[in-house]
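Several structures are given next for inspection.
Across the two complexes that follow, chain A remains constant while its partner is chain B and subsequently chain C.
Take a look at the complex of A and B:
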């Protein structure tokens, strides 16, 4: 009896530990954005995107520091932080959401799966519901997630002054790529 | 027996709680780690200059800043001279960012036909986080060379061989300014800085027999050897909107270093920023546009008819690779 109970107890604990092991995360995912307009093309990237993916539930979170975005032109970076994203006031952007069709992903089998993600994107003090297509790639047990989506600046209270209206697009393209290299 | 059941139950509860933790806890843990970075203060000033003098701000690496400066003649010219706008001194300058901490620049001013060059090095950066630094500190070193030789024209009778024109030597027309700029961005709106400044005047014009003296070279009074001077500057900006700031700059010459006919320079202005341009419009009592003359050689009072309107126009270009 004692032995059985002990066994059961150990088994349950192991189970629980294994459940916990199904969260994967990364601290150096990459995110970049592109603004294409008739006057100039603007792009910036940030390689310190943090993301947590809960494998069984499909729960997905992202977080990044606005100041982590780097531009080719340093003055643009200053303006981005000072005038547009106001990074001292709103230092980070986050996404909390879910992979809606997580069941189609077989995490034990190599392959690329098309998924749909929806959730709340928060930046510059404004939150919006976002739904986008993305991919989950499983290779030798390592998970990589990518997504491309559009962000309309006015939805996030980012106003473009008339004088530079031709230089900055109203909608920017965002690219995300995360290699979940750590487990917990 | 009971103990085992109890232990098993507790561990299950504990484990279940762990499992029930959503990703938020993991994310907040990661975000805590993220806070262990250093957050450097940006945009203390809109431009590398407040008005006549430098701000703590540097232009970025591989950035070329073309600066066109005008100081009009005093507003005392009245409507006949459109309050001074009929005449102007002008400086054309080119600044370049060697790195994000080191910038150099050259320029030419029509005032006293001056050629100037400078190097500015950012020694400390205001930051919070891992490195907590309350101020930004820069070191500025400038050289100014007058080339208005005609003004110095002197005629020397060399051993009865008739009068010969002599010009002061290169070194006798040179001024150096060494300045420490200590600034702090107190809030999104308010930035202040203090600038201890040492001006090394090598204008040994007393070596010349005779030369023309006019209003603009009053500091070179006949046979007067100009001594080196020490000044303390204060400057600041108050941001009104995202693209508009009020600016002020004042240089206080130590009493012993201030000749009676010279006034401390005070400038008040606004900065307007539009993309790659910064327009700085101001009123100032200084005639010159660089430290070497504006600080120790301003002949007019600020509170009087002889203040001038002026503007600085800055346009940046990115040349070369940023990284």
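Take a look at the complex of A and C:
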């Protein structure tokens, strides 16, 4: 009887420890975007993405600073901040959503799991629903999430002047990658 | 005589056009500025963090997009997915740091080492009040100055 009680207590304690580590986060995730057009290709990256993943529920959120994007050409960076994303007025972009099929991910077993993410992407003062495919990779207990999706600039009230219309794609490819190295 | 003048004018116009196109091409393709040798706003880590917590709008205008030189103590280091070194500077807020993405290897830094880091301030990101995760103030293209 005592042995059973001890086993039950140990089990409950382990459950409590597990519950405490149900949320993982990073303050240095990566996001990059690519614009491909007939005139030129434009890319920029930002390694200051803050993201929290609620492991059992699949709830996921991102936040990033627009001024954290850096370009190879400084004039592009200036135009991006001042004319297109208006980063003084709208300093952040956020995503709040959920991994719809989180139950397929076995967080105790190494592997790469294909998931579907949906939620609200807020940028430049506009919010739109986004649904995309992504992956969750579990390796030695560390979780990495990646997703690629497309963003149509006009959906976020980002207007491109006619003079550079051929230089910038109407829809840009966005890549996100987060290695969740912190636990709560 | 008139033909010679016209020829000179045409050469001048051509020269001006070549110079204008060259300047335009240079400006368009100009790379990022040199952070290391640029003038900067000097501030300590706690004060920079406090500015953003006290009034984020004013702090954004003052520091975001600008080159800052921040004096503080190392709270920790890590490496991001692009293999860039991250140096965290302590502030008065436990868990809230100045989060610096380094352009160069900062060398072997130890917790509590006093350093001066120069970089471009991106602003303050959000934390998660519910989880007790404090927001960080971010610096990119950073260098250790001292």
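In the analysis below, the second predicted complex is superposed on the first by the 165 of 184 C-alpha atoms of A that agree within 3 Å, B and C clash if a C-alpha of one lies under 4 Å from a C-alpha of the other, contacts with A are read in each partner's own complex, and residues count from 1 in each chain.
Basically, contacts are C-beta pairs under 8 Å (C-beta built on N, C-alpha and C of every residue); 3 or more make two chains touch, one makes a residue touch a chain.
A quick note: this is a predicted structure, and the numbers were derived from the prediction, not measured.
**Q** A:166 contacts which: chain B (first), chain C (second), both, neither?
**A** A:166 sits against neither chain B nor chain C.
**Q** May I ask you to decide whether A:120 touches chain B, chain C, both, or neither, giving the answer as first, second, both or neither?
**A** Touch partners of A:120: none, neither chain B nor chain C.
**Q** Tell me which partner A:59 touches in the superposition: chain B (first), chain C (second), both or neither.
**A** After superposition on chain A, A:59 lies in contact with chain B alone.
**Q** Looking at A:28 after the superposition, I want to know if it touches chain B, chain C, both of them or none. Which is it: first, second, both, neither?
**A** The second partner, chain C, only.
**Q** Contact-wise, after the overlay, does A:75 reach chain B, chain C, both or neither (first, second, both, neither)?
**A** In the superposition, A:75 touches chain B and chain C alike.
**Q** Quick one: is A:83 in contact with chain B, with chain C, with both, or with neither? Answer first, second, both or neither.
**A** The answer is first: A:83 touches chain B but not chain C.
**Q** Name the chain, either chain B or chain C, that contacts more residues of chain A.
**A** Tallying touched residues of chain A, the top partner is B.
**Q** Of the partners chain B and chain C, which touch A:110 in the superposed model: first, second, both, neither?
**A** neither
**Q** Once the complexes are superposed, what residues of chain A are shared between the chain B interface and the chain C interface?
**A** Overlap of chain B and chain C footprints on chain A: residues 23, 25, 27, 48, 50, 52, 61, 63, 65, 67, 71-75, 77, 81, 88, 91-92, 184.
**Q** Within their complex, state which residues of chain A touch chain C.
**A** Per the stated touch rule, the residues are 23, 25, 27-30, 45, 47-48, 50, 52, 61, 63-65, 67-68, 70-75, 77, 81, 87-88, 91-92, 94, 177, 179, 181, 184.
**Q** So in the complex, the part of chain C that touches chain A is made up of which residues?
**A** On the chain C side, the touching residues are 27-33, 60-61, 64-65, 78, 80-82, 84, 86, 99, 101, 120-128, 131-133, 135-136, 138, 140-141.
**Q** Tell me, which parts of chain A touch chain B in their complex?
**A** Residue list for chain A touching chain B: 1-2, 5-6, 8-9, 12-13, 15-17, 19-20, 23, 25, 27, 48, 50, 52-54, 59-61, 63, 65, 67, 71-75, 77-79, 81-83, 88-89, 91-92, 96, 161, 163-164, 167, 184.
**Q** Quick one: in the complex, what on chain B touches chain A?
**A** Result: residues 1, 4-5, 7-8, 11-12, 15-16, 18-19, 22-24, 26-27, 30-31, 33-34, 37, 39, 42-43, 59-61, 63, 97, 100, 188, 242-243, 274-276, 316, 318, 322 of chain B touch chain A.
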